[in-house]
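Presented sequentially are two complexes of subunit A, the first with subunit B as partner and the second with subunit C.
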Partner chain A sequence: MSAARRRAAPPPGSGARGGNGPAAGGPAADAPPFPQAAGPPFLQMGGLRAGYGPARVLHGIDLAVREGEMVAVLGPNGAGKTTLLRALSGMVRGRGSARLRGTEILGRAPEEIARLGVAHVPEGRGTFAPLTVEENLRIGAHLLPRSHVAGQLRRVLSRFPVLQAHLSQPAGSLSGGEQQMLAVGRALMSRPRLLLLDEPSRGLAPLTTRRLFDVLRAVNLHEGVTMIVVEQNAQLALEFAGRALVMESGRLVLAGEAGRLRPGRRVTSAYLGPRR
Partner chain B sequence: MNIAEQTGRRRLAVGREAGDRRRVWPWPRVTLAALAAVACAAPFLLTPYRVFQLTMILVYGIALLGLNLVVGQSGQISLGHGAFLAVGAYTSAVATGPLGLPYPVVLPLSALLSFGLGLALGLPALRLRGAYLAVVTLAIAVVVPPVIKRFGAVTGGSMGLSASVPSAPPWSGLADDQWLYLLVLAVAAAALAAARNLLASRSGRALAAIRENPAAAEVLGVRIAAHRTLVFAWSAMYAGVAGTLYAWVVGFVSPDSFTVTLSIVLLAAAVVGGPDSPAGPLLGAVFLTFVPAAAQGAGDAAPGLVAGLVIVIVVCAAPAGLAGLLRMAAGAVARRLGRE
Partner chain C sequence: MADLLLQVVQGLSLGAVYAGLALALVLVHRFTGIVNFAQGELAMLSTYVAWQLLDAGMPFWAAFPVTLAVSVAGGMLVERLVIRRVEGGGELTLVAVTVGLLIFVNAAAGLVWSFAVRSFPNPFPTALGFGSAQSGFSALGVLGVVAVVMLALHVLFRHTGAGLVMRAVVADPVSARLAGIRVGRVLGLGWGLAAGVGAVAGVLVAPLLFLEPNMMGGVLVYALAAAVLGGFRDPVVTVAAGLGLGVAATLAGTYVEFVGADLKVAVPLLVIVTALLLPRRAAETAGQR
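Up next is the complex of A and B:
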């Protein structure tokens, strides 16, 4: 309803994509909002739809993500942010198309998508509570050749020194912040090329959240890992991400460079509702 | 957000939760060495009947060790391990009897056979989710005794088949029952070591991950069906080996030894012993060997009744099984001694 109207009239300079709905055949019809490298984009979604049984949640997402980008996805509850990540990691069946370096990932099993270099830090972390921190991390390296596991473990622990002290403790005994670090660390153990993060800040103290985002930024910059971060904390997301998307009712309603979106009121109104 | 997250730290009561692997007992090596010494000395100190009972405990222990891989590690239910026992037992009886193979060859043969059978069954059953494995294995457990009876030419039908019992080599100076006990003990030790190895490996961790959170494991690249199928095949192999040893110890196999009840009692013993503990199979096997026999005195229906009652009590009072109780006791002792 209002989402459609908003899409029809993007504010100048915001870079919102004027996609023509789920039926859009070729995402190439849209002009990319900002310059892109030549060749196929790292991740290209076209008319991506998904849902749970009869309930449709995503109504056609067209989006291109460049390699090494950090994209924040904002929006109110129920906008389909989590479903977007789930569709990309194969946890929910998606329709339309989503190509990672030209390879179609929709319709593949989650473990196959993981093999293509996609790691998903799910909502609620999903750490394996009775297993130790080290075991959790080693499971993250399930796809790595055995000879690379030790080195990768050292690398991840150097990013999250707090985990080092708790290596032999069951993951369930960690604090919320530490568990989130563990979940992210576990995902990084697989050396992903694309990291999907679902509300990493949920339930964390502001300081812990900031520390976590500092690590994410470092990984993004130094290792060139592309990230899509679903975040409720719009302020934080806009500060760290290069680009932000706003979703509403299963559609992208706004997209733009984070720096440009920050002063605008549009993000906050879409995210917090019209009262603000 | 749960309480653990609000308060930051929580300390689980030891043994309450399956999969808790914290060390509670401060002297594991000493205890293990003492147990091994007792196990090796036992046949020379006990009467032949007691030695026979101990041997049976070890045989069931091996089967339960395998069943625990499915129940405790994979988090699935098999109602058909009695059938794999039957496969192992009949392989041994037929191979050493009519075929005249020497018995050292029979053990790997029946291991291979039951592994293959487990793989063949697990492949379709484990691709489907939910209770399919339980249903398929139950069907196998039901089908096996009639099939054995049907092919009487090979299996001896409902009359059963006597199996040749390995006799002690003259150089050892041991009685047959002592020799057999030590043989079974060696196999049990090897089986335990192999199971521990499996669980400490990448595949063991993957299994634990699948059990705790299949969705999270899958997005990390773990192939759920493949791991579950493989561990089911391993588990079937353990049961097959136990079946072969059973034939050696008892010296006689018949379809009535491997009914559905055996499969169900095995599962019950695994749960009572503690499905996710190294001590669980042994405790479960002790339960399996003594409780039904002791209850038999009270009447024909008593074994089932008592076993059922014990299961209900254990599941309600000690979800981690007898091994869990042992862990809690060990934790209490260690705390009192101030060593934890």
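Up next is the complex of A and C:
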């Protein structure tokens, strides 16, 4: 119940672009009343390491994310981007520290981290294929009080009208783009405070991708949901995100406002690949 | 002719019991991917619980729900204490664990209640007639109870929030955890449900077979056959298969001379082998294409 109450009052959206500055993301209901820039970071990672068995993938990530930010994570395959998200959602065991509003989340089970307001849309969608679209969305609202589910369902469907027509269809029968919308919609059903998205554009047509990112930006701005987006499509990510990080071999090698990291510049092209 | 009809009805009621235990097997398999060879023994244990309650003077229809509740709790406990420790182990590990559980529960029941055969009261009115009419009536009672259990399971899974959560866990446990579902508890609940359904089968079959620690051995073979026919997935096919097996075995035992009462149990074995061979051949031809 308390988690629901905490998330019941989203901070008012502000700022013109995806929350790329101290001004973006209004103060949360329970945040101290001093300016955001001086406040404690929403998500603070310190020396975050993770891996699979003996293979170490993340070699110490230090990063602070402010509330309401939309952060893009870029980098070549094998850089550890997916592992970073998986460590934050508890799917792999992380070491070091990652504090969400001061609460250490490393070492917690995925379901407990989800209860802190973290939603993870993993690579490869992760919808419940045999369940209908509506059932998928209702499962997403598993943590909401029952009386809030119907309203939240309406809100999410208004963001993804394409799902409305398929409500009673099994999720597995949707097209790739629709499934991705459903995966994101399901994550939003939980009213997350932090949304982790792993390559949401993968396998989608350019137009579908753009529509999806439009929705993500709207949710980021209007509901103040903090987002970390791993994305192969660097140009797209830099267009929508406020801040971008570049990872390589399990380390952060570059971070800055997205506007300064436009692909095509010499310094970034090495990491971001040729301009698309 | 009336004799044949009675044989069919009795076959159906035995089949309903097989179907019940088969549903328990399917439940456990859907939830945890395990074929629980100890399912029959857990049902036998439940039946002893019911017997103990009846022995203490409780009326049958009061002892029945208490037995179900104890069985559900017991199933959850087995998942928590035994299965969760070996989860993620290899197939062989899991088979060894459930077979071990089978032997353990069987021996424990023998220790506590001895291997002596006891009679178990028939819960359905038996004073209505005599001979064939009586056994026909109790057969219909068994069928009715199993139908109610099936309906209850259907409503639970299709029309309740808890059922939706369970189906989500079955479909994709990792995504379920990311949605904040405490999957461990749901899996325990699945084992509990299965134990409850198995308990129904045990209590219903006990008056027909007599109560003793080995009573469910034969039933488990039929139930496994029904579950295999349903692909360990489809509840409707599983129940239909259970009913069909009950009738087939009863008729074969009565009318096919060389089968008789002793070879009856070969019927489900034949079905298992055939069912396992058929899809494999289909899969092989599909693979060659």
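Just so we're on the same page, the second predicted complex is superposed on the first by the 229 of 276 C-alpha atoms of A that agree within 3 Å, B and C clash if a C-alpha of one lies under 4 Å from a C-alpha of the other, contacts with A are read in each partner's own complex, and residues count from 1 in each chain.
Note that contacts are C-beta pairs under 8 Å (C-beta built on N, C-alpha and C of every residue); 3 or more make two chains touch, one makes a residue touch a chain.
The structure presented is a predicted model; accordingly, all values stated were derived computationally and were not measured.
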item	value
Simultaneous placement of subunit C and subunit B on subunit A, clash or fit	clash
Touching partner for A:S201 - first (subunit B), second (subunit C), both, neither	neither
Dominant contact partner of subunit A by residue count, subunit C or subunit B	B
Contacts of A:M91 with subunit B and subunit C, given as first, second, both or neither	both
Which of subunit B and subunit C A:S175 touches, first, second, both or neither	first
Touching partner for A:S190 - first (subunit B), second (subunit C), both, neither	both
Subunit B versus subunit C as contact partner of A:P122, first or second or both or neither	both
Partner chain(s) touched by A:R138 [first = subunit B, second = subunit C, both, neither]	both
Candidates 19-27, 37-45 or 181-189 of subunit B: the single one with C-alpha clashes against subunit C	181-189
Intersection of subunit A interface sets (partners subunit B, subunit C)	89, 91, 109-111, 114-115, 119-120, 122, 126-131, 135, 138-140, 142-143, 146, 186, 190
Subunit B residues touching subunit A - in the complex, by the definition given at the top	1, 4-5, 8-12, 17-22, 202, 205-206, 208-209, 212-213, 215-224
Residues of subunit C that touch subunit A when the two form their complex	161, 164-165, 167-168, 171-172, 174-183
Interface residues, subunit A side, partner subunit C - complex	89, 91, 109-111, 114-115, 119-120, 122, 126-131, 135, 138-140, 142-143, 146, 186, 190
Residue numbers on subunit A that touch subunit B, as the complex places them	89-91, 109-111, 113-115, 119-120, 122, 126-132, 135, 138-140, 142-143, 146, 170, 172-173, 175-176, 179, 186-187, 190, 203
